[in-house]
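Let me begin by handing over the structure; questions about it come next.
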Amino acid sequence: MRLGDIDKRRLDGEEGPAVRHAMEHLVKMGEAFEAEEMVDLHSCHLLSDYRTMGEGGLQFYEQLVEWGGAMLVPTTCDPMSMDLKNMDKFDWPEGYPERQTRISDAFRELGVALTFSCTPHLGHNVPKFGENLAWVEGNATGYANSVLGARGNREDSITAPLAGIAGRTPKFGLLDPRNRVGECLVEIDPNLMERLGGDGRRCADFEALGMIIGDFAYDRVPVVVGLRPNMETEELKAICAACSPALIGTLMLLVGVSPEANTVEEAFGGEVPRDVDRLWVDADAMRRAYEQLSNTAKEDVDVVMSGCPFKTIYEIQEVAELLGDNTVEDGVKFIIHTDRVTHVLAEHMGLTDRIARAGALLTTDTCEYCMPIEHMYGPDTVIAADSMKMRRLVAGEGKPTWRYGTLTDCVNAAITGKFRPTHWN
Amino acid sequence: MNLTDADKRKLDGGEGRAVQHAMEHLVKMGEAFDAEEMVDLHTVHVFSDYRTVGDGGVNFYENLVNMGGHISLPSSCEPMSMDRNHNDQFDWPDGYEEGQQKIVDALATLGVQPTFSCTHYLNANVPKFRSNMAWVEGNATGFANTVIGARGNREDAVTSPLAGIARRIPKYGMLDPGNRVGDCLVQIDPHLIERIGGEGRRTADFEALGAVIGDFAYDRIPVVTGLPDYMQNEELKALVTACSPAMTTTLMLLVGISPEARTLEEAFGGKVPKDVDTIRVTEDDLREMYGKLEQTTKEDVDIVISGCPFKTLQEVQELTQQLGARKVADGVQFYIFTDRITFNMAEDMGLVDKIEAAGALLTTDTCSWCMPVETMFGPDKVIASDSMKMRRLLAGDGKPTWRYGTLTDVVDAAVTGKFKPRRWN
Amino acid sequence: MGETITLHGRPISRGVAEGEAIVTDKALSFIAAAITNDEGIVRMDGHPLQGRSVMGKVLVYDTDIYSTGAGLSFYTKWKIDKSTPRAIICREMHNIGGGFTIYTGVPSIDRIREGLPWDLIGDGDWVRVDSERGIVEVTKRS
Amino acid sequence: MSETITLHGHSVSKGVGEGEALVCDKPLSFIAVGISNEEGIVRIDRHPLNGQSIVGKVLIYDTDIFSTGGALSMYTKKTIFNTAPAAVIWRKAHNIGAGGTIYAGIPSMDRIEEGLPWDLIGTGDWVKVDSEQGIVEVTKKS
């Protein structure tokens, strides 16, 4: 890998031990992935939750602070394992809040904006076309690449902060424009497209669609045709949620939506390869996806959750409208996740109160994924959710079982205690 | 203008009086600007401040509420004439708070997200490539068109909410892709680029550069070459601030940055016209612009203002670093403007405390532009600011006089009470 | 003593380590929610390795899926709980796996020239990964 | 009796209005900070119309500059303070001025066929704008 003078200076320790440490790692990464050079970094997004990083992660960040590390680019952070506004509503294991607080303290020292959000692309750290990212968080990186035309891999939680401290990152994967071309083709049946989404169904439908696309494409860049032009932000957020639980890459070339995919030809970098691997997505595929996402047939639910990725203000309005004057059934917990910024707006709009009056809880800064779910809910718990991502990531031995349905289905389950899916049956 | 069946239904009152009222206005607008059709609208940003819209504006919004109007699209609103966190720090004229409250209430009923921000495109209502917008606010519309590739005119304060209610807008100006091509050429001298911007100088330099470009382009679309490959949000925000105090259009085609100007040729829609009107911008032009923005040579300042457009979190950080451990001089007021979202993050990061300890004020939801500066500050006051926009919009008979300098200069002025510009001298 | 074969691949994280193979042809994630930090046990819904520990093994899998948080989860496994595999072989290394193996110094290798790694290496084989030289020596379980 | 000329242009906001002309060749803004709502007096730094009243005038200027809030400021001038102009003529309409005049019902026109409006109309001329028909009648000040 060719290093610039600035890279060499940083590698030689002229900008301090934190920068040198970071550069040493980045050079090894670049060599492993055959990068030819480093590029300037423009934006960073880091992992925050203690549940995932554990004691090692905490020590990692504190070490960077000790070495005098500071983020050289605008930096935000993912949700954490705590909701400061609702600490009493959850049963955190001993030592959790203290350690999570130490992570926040380290972030302040490093100059990380304390956003605790998995949707930085919608509000706190919006990337631009052509910008170089070192971001954790699949849905965010997916959206940034696919919808905004920014450039970044789903960076791991070690490399992302180190790149931010060095201000540089090796150019490989999606940071290299040459790799931003389609490798397979997904065609959406127009009849399916007409039926997809709408109020109360948007999130579940488009997350399921994202999963179908992601499972097919897996480690390839899919070119997707048949979507509407001018898809809503919430629809695209839901599709891009597939980047991590299904698609391991982070770029979907959505023809008519992605700035780099004005036409299907442009998406393939010239001509559509004649023997390109194709997938046709119709209503049957959608039905199967919904089925696949339930791992129990039990009707009685204990927990209902929505907001993975975090809910936008419009989705919170949608929840409030679906709840109407109903109240959540005794013994059922209905948890809606969003970030502190959206929570501030929701409060000003009276939505937080409306949700609380119904007996549901709008949390900030955290989600089920960041919580020790085995400890909190245990394996007998049945969770209903409209999130494909949460369902895929947080299911497994010793964990709760899941039912998958639309927001309408989930809200009804919260009100009645019974999950009775009404969509794609 | 060709109206669809859906348009006609709206115009005939099939969706209620408010939608009909809105459509009637939009049809007249479309006819006046020779639009051939209406297009779907995707995002709205409306006016809020009582100082500008007055009681006519109150009547206008309340009338929309009475007609049952609702904006069911992603939306946001401009800063207002009030800072609920610090109302005691300002001397509002009689009736202001009441008038403003009526607008706040009406906007809430209309379903507008209470952002009270002129930089909502960075944190609350982020448009996408090709989104159709009905936005007021020049810097925002400029950024959205120029940097994101969304489509919208700087819509007037009447048409914007009406379009939001109708969810349609006549396709004219920047909403028509056929008009999004360059009309004139701006070449930035490489020596200037080497010297421009940097810590403490970013806003003033790039706002001044924007004014040079905007004064030249005026009602044409400038194609700008010679900018760095990558520009920070703060630099771009400052540059496009020219859309309103200098340029009457809202699109700058920044070659290598705008998604629609990947090359010089693309920016001109194919080929650079042989006789295209061209300017070359050098250090001398920037020096001259700094001079033009000064209205007085008085050194003693009464008020120091920064944050037009609203400060980002990074800029609030920059400002606290510039202040360091220093204190604002007795008798000098130092106002820093931002929105409630950024304020909340700044609070979490401990920046608000630092600013207050220095004797400066970080406000939310409002700015000097939304205040009656004649009554609040009076004509013998001297204001130092790093905002070209504020300086151009708020100078004139019976108003305070202005000095223009970098953030470093204005922070020093706040601390010493003396404005001693050091930039481009 | 079983038969020994030598494979060749692309070094990602450089070093030498050996151990018993645990093999899958599926993607895997090292996040705490998917592989426990304290014992290194796989808890991914429907995964062929579910319930098994990767601790001290040479782990063969397709590539990294799920959260990028795996980077720091793996670091905690390595630094605090000592529950990581001794070495990793992927069909194609994801940058997530690249990041955590490089940072911790756990040897890793991908793109085995001779074929798909799960066709060449079986559960229980003794595997020595030498990613300094890009070589994998497999002693088949007898 | 002084000379009368007839000009032709493009209608923006339809209606008929007349008054004394107030003319400049520069852009202008109707926002309250630029032209006070209560008095209709121009207060824009270095503007040729600075200090002049627009109330009841036929206002001729290049196009709208500054804030989009100008439209609601114009509406307030018209409906609350009666400080709006009788009609507006631009070289080229900006949608800000158009939206304001259309909604407030102030006749407005642009694109005068015979030439630039400030070359054809002088301050103090009596001007009748009939934007129903796209006609402007100018009676020159004697």
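Read from first to last, the chains carry the letters A, B, C and D; within each, the first residue is number 1.
Methods note: a contact is a pair of C-beta atoms (placed from the backbone, for glycine too) under 8 Å apart; a residue touches a chain by one contact, two chains touch by 3 or more.
All of these numbers come straight from a predicted model, not from anything done at the bench.
S.K.: Minimal path length between chain A and chain D through chains that touch?
M.R.: Graph distance in the chain contact network comes out at 2.
S.K.: Identify the chains adjacent to both chain A and chain B in the sense defined at the top.
M.R.: Touching chain A as well as chain B, we find no chain at all.
S.K.: Averaging only over C-alpha atoms, locate the centres of chain B and chain C and give their separation in whole Å.
M.R.: For chain B versus chain C, the centre distance works out to 53 Å.
S.K.: Once you find the CA centre of chain B and the CA centre of chain D, what distance in Å lies between them?
M.R.: Whole-Å distance between the two chain centres: 25.
S.K.: Can you compute the centre-to-centre distance for chain C and chain D, using the mean CA position of each chain? Integer Å is fine.
M.R.: Inter-chain centre distance comes to 76 Å.
S.K.: What topology does the chain touch graph have (line, ring, star, complete, other)?
M.R.: Graph shape here is a line: each chain touches the next, no loop.
S.K.: Give every touching pair of chains, nothing left out.
M.R.: A-B, A-C, B-D
S.K.: Spell out the residues on chain D that touch chain B in their complex, using ranges where they run on.
M.R.: Residues 11-14, 27, 29, 31-34, 37, 41, 43-45, 47, 50-51, 63-73, 75-81, 92-100, 102-103.
S.K.: For a test of understanding, state which residues of chain A touch chain C in their complex under the given definition.
M.R.: 25, 28-29, 32-33, 47, 49, 51-57, 59-60, 78, 136-138, 153-160, 172-173, 219, 244-245, 248, 295, 369, 373, 392-399
S.K.: Tell me, which parts of chain A touch chain B in their complex?
M.R.: 40, 42, 74, 108, 111, 113-115, 121-124, 126, 128-132, 147-149, 229-230, 232-233, 236, 257-259, 313-314, 317, 340-341, 344-345, 348-350
S.K.: So in the complex, which bits of chain B are touching chain D?
M.R.: 25, 28-29, 32-33, 47, 49, 51-57, 59-60, 78, 136-138, 153-160, 172-173, 218-219, 244-246, 248, 295, 369, 373, 392-399
S.K.: Write out the stretch or stretches of chain B touching chain A in their complex.
M.R.: 40, 42, 74, 108, 111, 113-115, 121-124, 126, 128-132, 147-149, 229-230, 232-233, 236, 256-259, 313-314, 317, 340-341, 344-345, 348-350
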